[in-house]
Amino acid sequence: MKNKLIPWQEKPENSKEVLWRYSENPIIDRYAIPTSNSIFNSAVVPFKDGYAGVFRCDNKAVQMNIFAGFSENGIDWDIEHQPISFAPGNTQMIDSDYKYDPRVTFIEDRYWITWCNGYHGPTIGIGYTFDFKEFYQCENAFLPFNRNGVLFPKKINGKYAMLSRPSDNGHTPFGDIYISYSPDMKYWGEHRCVMKVAPFEKSAWQCTKIGAGPVPILTNEGWLLFYHGVIATCNGFRYSIGAALLDENEPEKVKFRSQPYLMAPAEIYELTGDVPNVIFPCASLHSMEEDKLALYYGAADTVTGLAFGKISEIIAFTKKNSF
Amino acid sequence: MKNKLIPWQEKPENSKEVLWRYSENPIIDRYAIPTSNSIFNSAVVPFKDGYAGVFRCDNKAVQMNIFAGFSENGIDWDIEHQPISFAPGNTQMIDSDYKYDPRVTFIEDRYWITWCNGYHGPTIGIGYTFDFKEFYQCENAFLPFNRNGVLFPKKINGKYAMLSRPSDNGHTPFGDIYISYSPDMKYWGEHRCVMKVAPFEKSAWQCTKIGAGPVPILTNEGWLLFYHGVIATCNGFRYSIGAALLDENEPEKVKFRSQPYLMAPAEIYELTGDVPNVIFPCASLHSMEEDKLALYYGAADTVTGLAFGKISEIIAFTKKNSF
Amino acid sequence: MKNKLIPWQEKPENSKEVLWRYSENPIIDRYAIPTSNSIFNSAVVPFKDGYAGVFRCDNKAVQMNIFAGFSENGIDWDIEHQPISFAPGNTQMIDSDYKYDPRVTFIEDRYWITWCNGYHGPTIGIGYTFDFKEFYQCENAFLPFNRNGVLFPKKINGKYAMLSRPSDNGHTPFGDIYISYSPDMKYWGEHRCVMKVAPFEKSAWQCTKIGAGPVPILTNEGWLLFYHGVIATCNGFRYSIGAALLDENEPEKVKFRSQPYLMAPAEIYELTGDVPNVIFPCASLHSMEEDKLALYYGAADTVTGLAFGKISEIIAFTKKNSF
Amino acid sequence: MKNKLIPWQEKPENSKEVLWRYSENPIIDRYAIPTSNSIFNSAVVPFKDGYAGVFRCDNKAVQMNIFAGFSENGIDWDIEHQPISFAPGNTQMIDSDYKYDPRVTFIEDRYWITWCNGYHGPTIGIGYTFDFKEFYQCENAFLPFNRNGVLFPKKINGKYAMLSRPSDNGHTPFGDIYISYSPDMKYWGEHRCVMKVAPFEKSAWQCTKIGAGPVPILTNEGWLLFYHGVIATCNGFRYSIGAALLDENEPEKVKFRSQPYLMAPAEIYELTGDVPNVIFPCASLHSMEEDKLALYYGAADTVTGLAFGKISEIIAFTKKNSF
Amino acid sequence: MKNKLIPWQEKPENSKEVLWRYSENPIIDRYAIPTSNSIFNSAVVPFKDGYAGVFRCDNKAVQMNIFAGFSENGIDWDIEHQPISFAPGNTQMIDSDYKYDPRVTFIEDRYWITWCNGYHGPTIGIGYTFDFKEFYQCENAFLPFNRNGVLFPKKINGKYAMLSRPSDNGHTPFGDIYISYSPDMKYWGEHRCVMKVAPFEKSAWQCTKIGAGPVPILTNEGWLLFYHGVIATCNGFRYSIGAALLDENEPEKVKFRSQPYLMAPAEIYELTGDVPNVIFPCASLHSMEEDKLALYYGAADTVTGLAFGKISEIIAFTKKNSF
Amino acid sequence: MKNKLIPWQEKPENSKEVLWRYSENPIIDRYAIPTSNSIFNSAVVPFKDGYAGVFRCDNKAVQMNIFAGFSENGIDWDIEHQPISFAPGNTQMIDSDYKYDPRVTFIEDRYWITWCNGYHGPTIGIGYTFDFKEFYQCENAFLPFNRNGVLFPKKINGKYAMLSRPSDNGHTPFGDIYISYSPDMKYWGEHRCVMKVAPFEKSAWQCTKIGAGPVPILTNEGWLLFYHGVIATCNGFRYSIGAALLDENEPEKVKFRSQPYLMAPAEIYELTGDVPNVIFPCASLHSMEEDKLALYYGAADTVTGLAFGKISEIIAFTKKNSF
């Protein structure tokens, strides 16, 4: 990431948290574009002088699609009113019943986008753009059913690497994080299990399912991965945010993983909405030099929130509270 | 409907919605009568100089029953403290374990009431009154299990016509709208499927179940039907409101049907309560001359809300956004 | 029923049962017509010098349909190779995704057939024939979901009467027997609950669901109704046969009902097949003068069996073992 | 209970309720101790000049444990930052995967604590303390699966008596209240069913499961028992509070039981949180002389609330509204 | 056990099994008494010159009860036609909605019977007899829900000891074996987990639930326990038989446990019947001197089978194939 | 396939079936090797002068593994007593909790084996052998959860091609057939949906799930694919056999597909066993010159059966009965 000012707000004085919320949350309202029912679980990335993003906007028919958007400061966003239109990339087969929960990262010469793609059920769609104007769609990475496909921001041992969570076709009451590799963004293999749900007694907030969140960040302690963890209460799923550190060269090896959550639903815009009690991180901006991290997350499957943290504190917390 | 002033509030200036909420919502509080736990999903109708209504009031034992009420302006309601007591109408069999979700309409010489009637499970109860003082109960229209029985406000081809939604005995994770006809309000037949749930990819807010709302309104584009549609999220059902236009003489033929919802849960009194994320329309008042519609809906199965719209805009929206 | 010889075989010497099986069971093999996968749950009726029947034959695509058949002795059957084709009766709407589990009875001037008719899910189809050559289909009796619609063989208080079991769209883990009346075989009403499932502790074989079997037989003790009762074991449903006596003029009143079953799956052709542990009665022939009854039943949803009993013994058993 | 001032606030002027909320609710915030995710479903008891308590604090790994706390006025609490550590009491076997939902009562010479104890699933843990500094753990009362074990505050007919609710290992969609007796707090028997869930038609708020709340209070009408009742809505469980009066010497005999609830979720801190729509009473303080009762309850499985009532009114209400 | 001839048949020549079936199986037919639908899961014990037994006979209403029976040779049984009638033992409370799956053992001066007793759901009933003529019923051992209560045939460390399997109220898709102790057959405590289901990968036949079978046999390797293990296939539960060796003085300690089953459903009377694919052992006779064991088991919840084995071989097999 | 005599038996005289059973079925007994509980769902292939096979043998701990076997005539098999031991092939990661349902085919220079491989749930394992003595295991083809991975017997457009059925971790009540391609047997992509379950009304035997059976056979009408189809009856799954013809060069295109099944469970060894009502084809031998096909199938998940057919008749039947 370049030396650009990222969104930031200092930690409140009496806070002891490693992640704290932006005081003006939510930063994107559910009705921010004319057709939208909700805007959440979206990706952002530094682009030119500012930032670009790929946003999940469900319209008022509750059809799920992804939209491009731009911002100068990473907080005020201008989201396009039409969903992204893809041209064929490395395939002619770009069927898509729906698109949601995008992630974006720059590798080598282009911005790669992954999302949950509707092809006879959810699986991982892949696309790329050079300019956020023209977009190209590639072969789906996997067979259905899968969700939360997240690329590493550089090749590992010469191959693209992607985290994902094998799922089912419904609300999926299970889910672990796997990694897969590809020489060419077309064929994928060398599938390995990375992290499984925690035992209820050890860490109940992540005992039902887990899934990768934003694109991992390379630190001197390995890959910093934010992920969501889910507990099934008698009144539904509750999504919280945790962190893990993966080995730099063999990211299927988990070095540390937070037993406590870093953040859990607590604000009214997280506790109420289309799906109450959900916070779901899909993107982050960071500055290693400034030790700053801005984490974007969907709240209640309805709006978009922003949280901040110091990378060094997050790493220290994760190492100290690992299990 | 007579030339009477119906409840009304102009559309907020920057609103683009076809239905907008009354700024003083909810108009009926959950504790509006001494025994009530919640008052919602209720019916209103012009009566004498003002309005009469039949209200679903669950008491604090959470027993469901229907109560008469009266209002001069359709907003401030005086609800009786005892539930409606029925005398036998066209039958001696007026067993009823519970009554809920009433609708009311005037046909020919009397006010007909339909409701979900507990007879070995939910089915459609029918009753009538001339004066909202004395009430008569008729044969149930159908075998259990059924809900959301809604009469057309006049005979069609010489027969009474009723929409309903075959259901099960529990929370019913499915449901389509059917029509049935009767020569005499006692025997019913000629059952036809009118509208089914939408495919998830096309209109997810109405992909789990749908059910007729208020009594249909005859317009020059056919019968205007408001209905509720349900999506099953991982944290429960979410009820929204849509509209359809049915053929005047063959109402089993759907001419238009809204792909987007017209209104979905968004206010705190809709997002929280006994059953969060529910808006459920059961009645409307309208004036064709003034192009005004006032829609009554239950919010969160707890309180009663009111929304407004212009009939011409609603029809235009439904035609334009049909699928 | 005319004074015709009905199928018969004396009770085995050491048997104490009120219903005993035909020693040559099954009387109809699963592959009795070229396309059939299974032939079961079928109806028979005296016709001309012998018998006619309407047979459920599932073909090898496991599509369910009904076929006419004829027999001289009620045991050896000649089933047609093409399913029954219906012309419109009292309606033009004769859609049918599938037809199964027929019953047949003669009323006044014609043979009435009822069956489970696929119209957006299972409901009760009605048809008639004068000659088992030409068939006419009427309006469905009820909204979906319903099964086991069984007509009484004569009008009661001037109206047609039908038993049925409201169901769901799947394998239906519940089900009670109701009665409905019609002045004209088109519109139905006056729905009453007749018999509910038994408490587990009282009669577990009929604690999950029950459904009417053959057309009821008028005796001097009222209507003799054979019905099936189901228990849900940890390895699936088990269907047995019971008997009840209903009031002649108010058949919604149960006079007696057998606590023990009369017959339960025990033979290898009942214990194994497409659906193991099912015996399902759909028709009977009887002679009051000779005190004989021949009961036809589907076995394991695969083949057709025959059982015999003395009417007087069955009535006595039902009265003595009532609960 | 000694003549000590218990927490109190007069009934609001226009309130007709028998239980009314403390205006400063919640009295304990979810983050009241550094590690806590939520503090709720906790027990309090008079102790020395003030009060002591045993608090359920789930930490941010969502591990459930119980913590000691102290208060001068019963409203402002000082909760310890480390969970209670138990030494062996009448057993060496003090395994515990988790502890939650404690109750406390003084019998003879010590304070007895019961809680839901994780031993191959939830069962009833028992411990005691003399001083809230040193704690001793005893044999579990029962085999798994059980919850809501509540001791009577004195021996009955020479034996300890405990209410409990046999459960399953998950969210338990059923549950009745039983009583068991013990001569020695080690071996338990003479199990009797006390109260079962209500029929849906009679009192739906308590139709899914019920469980004892605070330690019963001996009154001149028998034991006053507050309990929680649950209804399963389409969007999850809703927990309300009822009251019953049990026979003084044979507490398995229910003399009266409230058909309406006394209090149900209605405030925002009850309607939203980790588990919305839950109010769950676990403790009370009372003064017979002053006719005052202070009821502590968990709200939304997140925070702790306080409600007040007059004992005489509660008893009168329960007797008048019994079923 | 006395030096009496127990039922026996030598191992077939080419068999390599440690348990082999009696060639004349089933030894008790489903209709062996006039009212019975099935006779299975029953207990036998040496008595006077021959044997006595307590038999589960479900009648043709499928009500479950237990009946006394007698035999000279342990193979040909004379079962009474009326169920056992109990007088009050150590309690007046002898309610019982149903009784099934009995076990019998002699301790000190009498024969103790345990069974699954219907008291607001299944729990463990206890009774005793001196002569198999007069029977006395005691307090239920535990709260519901429980099944498979099996007493050890002598006191252990001065206390009665009982194995059981906490269950639910239905078909229970889980279940482990626990032990509890009692000083007096009235109050029970010191509950310990003995054996849990096996991981699917290690021993799938016992991965869903397990439960104690016959009364354990004291050998010089500890208590020999036969138990049933269940796997849930896509077509239902399959019950097989395994063996374990428990520590003589601390039977909650498992010394050895068979990874392979000793016997699984394979004969037609085990593969078909009221509940296919069930073999369920409830009793055994043995002679240490002759190294013989006769194992009684229910087959398909319909009939009673007998199998034989050499105790030394069974012990050796269990030790060799432990996991 | 070479000009070798394949197992064969002429069609019975009065049979009209396109597949008929071998009169000596089952050809492999459940106890054919000392440790086996069942032998079924296995693969065979011509090898040297006779045949080799890979057999699924579940042992008596019901652990699933695959075993090599050899036969001179394809009917009498000599199966090894130890499971296949794999050395690393194109990966070091050859973890496997279990192996089942193998398929085998020769491509270019070696025999490729695919099976359901336990790696954090079922997925598709791949291995190869040159001689059925030494075996090498490769990377799993896909992420979990998957079953029924079947290779085409030659490269298509230069790439390996594999059919599979995405599944879940349990008994999977859904399932369609997909195809994936690989340049190197390590990385897989270009996933396409090939065939979905049939609508209930069209072909109910294949309405719940379908999965590829033996390795497809190249004919002049395209690839002949036998597959299993499943219907969920109220008493469990029933597995039958169908056939399809896929385009030679674009096998994701289905040219024809049988609406009726070719064979369904009907013999006692198919109707009873560990999983009743299952026939499951995994392998075939054929001779184009002689127009003969021998189909191996597992029966009731217990034993192995053999069926025969004429390839020309099967193709004609599939084309004529397509839907």
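The letters A, B, C, D, E and F name the chains in turn, as written, and every chain counts its residues from 1.
In this section, a contact is a pair of C-beta atoms (placed from the backbone, for glycine too) under 8 Å apart; a residue touches a chain by one contact, two chains touch by 3 or more.
Note that the structure is predicted; figures quoted are calculated from it, not measured.
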Between chain B and chain F, the fewest touch steps amount to 2
Angle, in degrees to the nearest 5, of the Cα rotation that carries chain A onto chain D:
120
Taking all residue numbers at the chain A/chain B interface, are over half used by both copies (same) or under half (different)?
different
Higher-contact pair (C-beta pairs counted), C-F versus A-F:
A-F
In terms of CA centroids, furthest away from chain A sits chain C
In whole angstrom, the CA-centroid distance of chain A from chain C equals 59
Using mean CA coordinates as chain centres, what's the gap between chain B and chain D in Å?
41
So which bits of chain D are touching at least two other chains?
235-236, 268, 272, 276-277
Pairwise chain contacts, counting only pairs that touch as defined:
A-B, A-D, A-F, B-C, B-D, C-E, C-F, D-E, E-F
Quick check: in the complex, which residue numbers of chain C touch chain B?
91, 93, 119-121, 123, 139-146, 164, 166, 168-169, 174, 176, 178, 180-183, 186-193, 196
Of chain D, residues touching chain A in the complex
30, 34-35, 37, 59-64, 97-98, 118, 171, 235-237, 268, 272-278, 301
If we count contacts the way the header does, which residues on chain B are in touch with chain A in the complex?
16, 201-205, 231-236, 238, 259-261, 264-266, 268, 271-272, 276-277, 321, 323
